[in-house]
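Handing you this structure, nothing more for now.
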């Protein structure tokens, strides 16, 4: 009995070794002209991935071009850092100030506007700081004055960078036990805010996906300062020779193509009754006053 | 308590219904951790044996490093392996970053000291004259080592289980060198963390239970082969 | 001249910095049965392990069966077998354990079965063949160990205190069986023990070791009566080891014992003598007022204890503060009473100084 079990275990291990060796998937049926270097590393943010948009965009792109996108979803800070080191091929982020710096440093090129959605401030239904209906800046000031619990991402993500920008604009340096920096993804941060009944700045997409679990209403929305603008940037092949420049350009072009923009514009309509993103391929930064 | 039970039921349902994404993730977890454990066994057991049977200056120092290695934080290992495998890192030309191979490498680094250290303890606690008896019966060096391994199989199996358990459950290194890419490097642990990050606690719980069930399955098989039938253990 | 099975020249072996074995010259011939005795730490196990090519030696030359040891240690080792004090088995049946050395030599399975059963038969343990080896009793386990050692028909058998953990009856039986097998097979046997009775029964040649060196060699009888050091005297069970001092007088050497007792020593005294040894059987009871014969010493003492035995009794006698152990015939001893004063004598030539 023991010998048989040992034999089973050994063959399981051997099977795993064999399986691990042939790890590639079966080729897709229709293939356009195969690109030279197939893998394209896309560095993007967790909220972008969590929204589910990429799960629709990427397969469409891969089917069309034969490239293979490797999505690395991290905070905006880390995504941009990867670009600065040449460890990614293309960046899809929503942190305009940081993005501009990267273009200035020459690490990224072809920064193009793709889409936007917006941020909202949610909080307890009782609204102890009384922020409902205020502008973004006024709301933040009110929360600080009331020392109401505020949950911050604290992770240099796009959301976090916007939040810090808003504080700066009202000349407040948030500090104290009411201001809690969590260092997690958006979904989990929302859960924490719900548990602690605190205010939190969030993107609308994640909020819509989670709203039944959160149980907190939208209190502030529509302020121009709350726009969440997404740009795509290609990592500069002149600076980093190992970058898959052709693949990066192809993906960026796809995002701006009619097909890509159509996918973006319609995403979420079925599930939430409203699209999660607005396609802005035809617009420029000036349209948003950036 | 309610959601724990729900999570468990969901896990069973996912496995029974053959949910393709879940199965993809389970299979990859098993492949990657199984291969990493196998590599660590090939490296760790002979090294542990050699350490146990030889005396030399600096043995204590090497031992201290092996024991220290048993407690290496996986996320630290992930970071160091990343530094090596990044495109502009020393091994960047291999193009291994964000592939299952990278995870296997990181996990092998994590599991090898565990298996080496526990093998050393298992062989070291054998009766010291046993080796001399084998040699005097006419065994070659290789035969002696194999006989010692067989005699220490209880402790060595425990080492293998500890090594496997250590890597199938780690998330820091897998996340860092694998990137949690859907269909490519998403394993049970990174998928669970992602679902938690999204706030999908039910799915996270379900995946956790799947991980526990899978890990238990493997360890149960190993345990049964470790102990065989009662009378064999003599 | 018979071939030398073991030939050691200038062998020195170290453990770290310590010299644990120092043998200028030692030879064992084929078919000899030799015992090696000595106190703990004497180097007996080290000697066996060096001979079995399990321990390295730093200098010197070792030849086994006429061949240099360094050339092909494995094949030389396979012509020997060693049995240790602990019964060292692998998990499995007795059959599996005894078959192990045969399988190591790639013997075909049918031959293995035949040989295993034959050797188990030799030591009367065929009925144990299917038992779990690790569950055997002390005596059974030892038989199986011996059987295993002989399974490959070794020319040289090395035994490192194999019977130390057994009770006297089992030990005696195994020794007898072992001797018979050894003589039948014409094996050379080196038997390490610190039980002198085993040695007396088993061999005609004894080597005494202390601190890694051979300090005495010869017939067991000689070692018992004339041990070369105090440690060996104690090991050999010398009855009386009396601290003494030597004094040179005009008439010769005097041995001064405690309590003011002086004994003339007839022979040339060794330069440094600290102890005076007297085996218990040198004493004779004398009738009161017997005159002293030349080269004989008469002592008077008080009986303190009478310890019975088979044939010979031990009588403890006190004299001037000295406690002496006498071995007297049963008939004589039973006539004595505690606190009785007796006159006893011994010949001075029986004195052994160390």
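The letters A, B and C name the chains in turn, as written, and every chain counts its residues from 1.
Simple rule for what comes next: contacts are C-beta pairs under 8 Å (C-beta built on N, C-alpha and C of every residue); 3 or more make two chains touch, one makes a residue touch a chain.
Remember, it's a predicted structure, so these values are computed and weren't measured experimentally.
Of the chains shown, whose Cα mean is nearest the mean of all protein Cα atoms?
B
Tell me which of B-C and A-B has more C-beta pairs in contact.
A-B
Counting in whole Å, what is the centre-to-centre distance of subunit A and subunit C, each centre being its mean C-alpha position?
Here subunit A and subunit C have centroids separated by 86 Å.
Cα centroid separation between subunit B and subunit C, in whole Å?
That pair's centroid distance is 54 Å.
Hey, how far is the Cα centre of subunit A from the one of subunit B, in Å?
Result: the chain centres lie 33 Å from each other.
Listing for subunit B: what residues touch at least two other chains?
Expected reply: 232.
Could you list, by residue number, the parts of subunit A that touch subunit B in their complex?
Going by the criterion above, the answer is residues 1-2, 5-6, 8-9, 12-13, 16-17, 19-20, 23, 25, 39, 41, 46, 50, 55, 70-73, 85-87, 184-188, 190-191, 206, 209-210, 213, 240, 242.
So in the complex, the part of subunit B that touches subunit A is made up of which residues?
Per the touch definition, subunit B meets subunit A at residues 27, 30-32, 34-35, 38, 86-88, 92, 95, 97-98, 100, 104, 179-184, 194, 196-201, 221-222, 224-225, 228-229, 232.
Where on subunit C is subunit B touching in the complex?
The contact residues of subunit C facing subunit B are 49, 52, 54, 74, 77-78, 80-82, 84, 86, 88, 90-92, 100-101, 104-105, 132-135, 148-149, 152, 158.
For the complex, which residues does subunit B have touching subunit C?
Going through subunit B, the ones touching subunit C are 127, 129-130, 132-133, 135-140, 143, 147, 150-151, 231-234.
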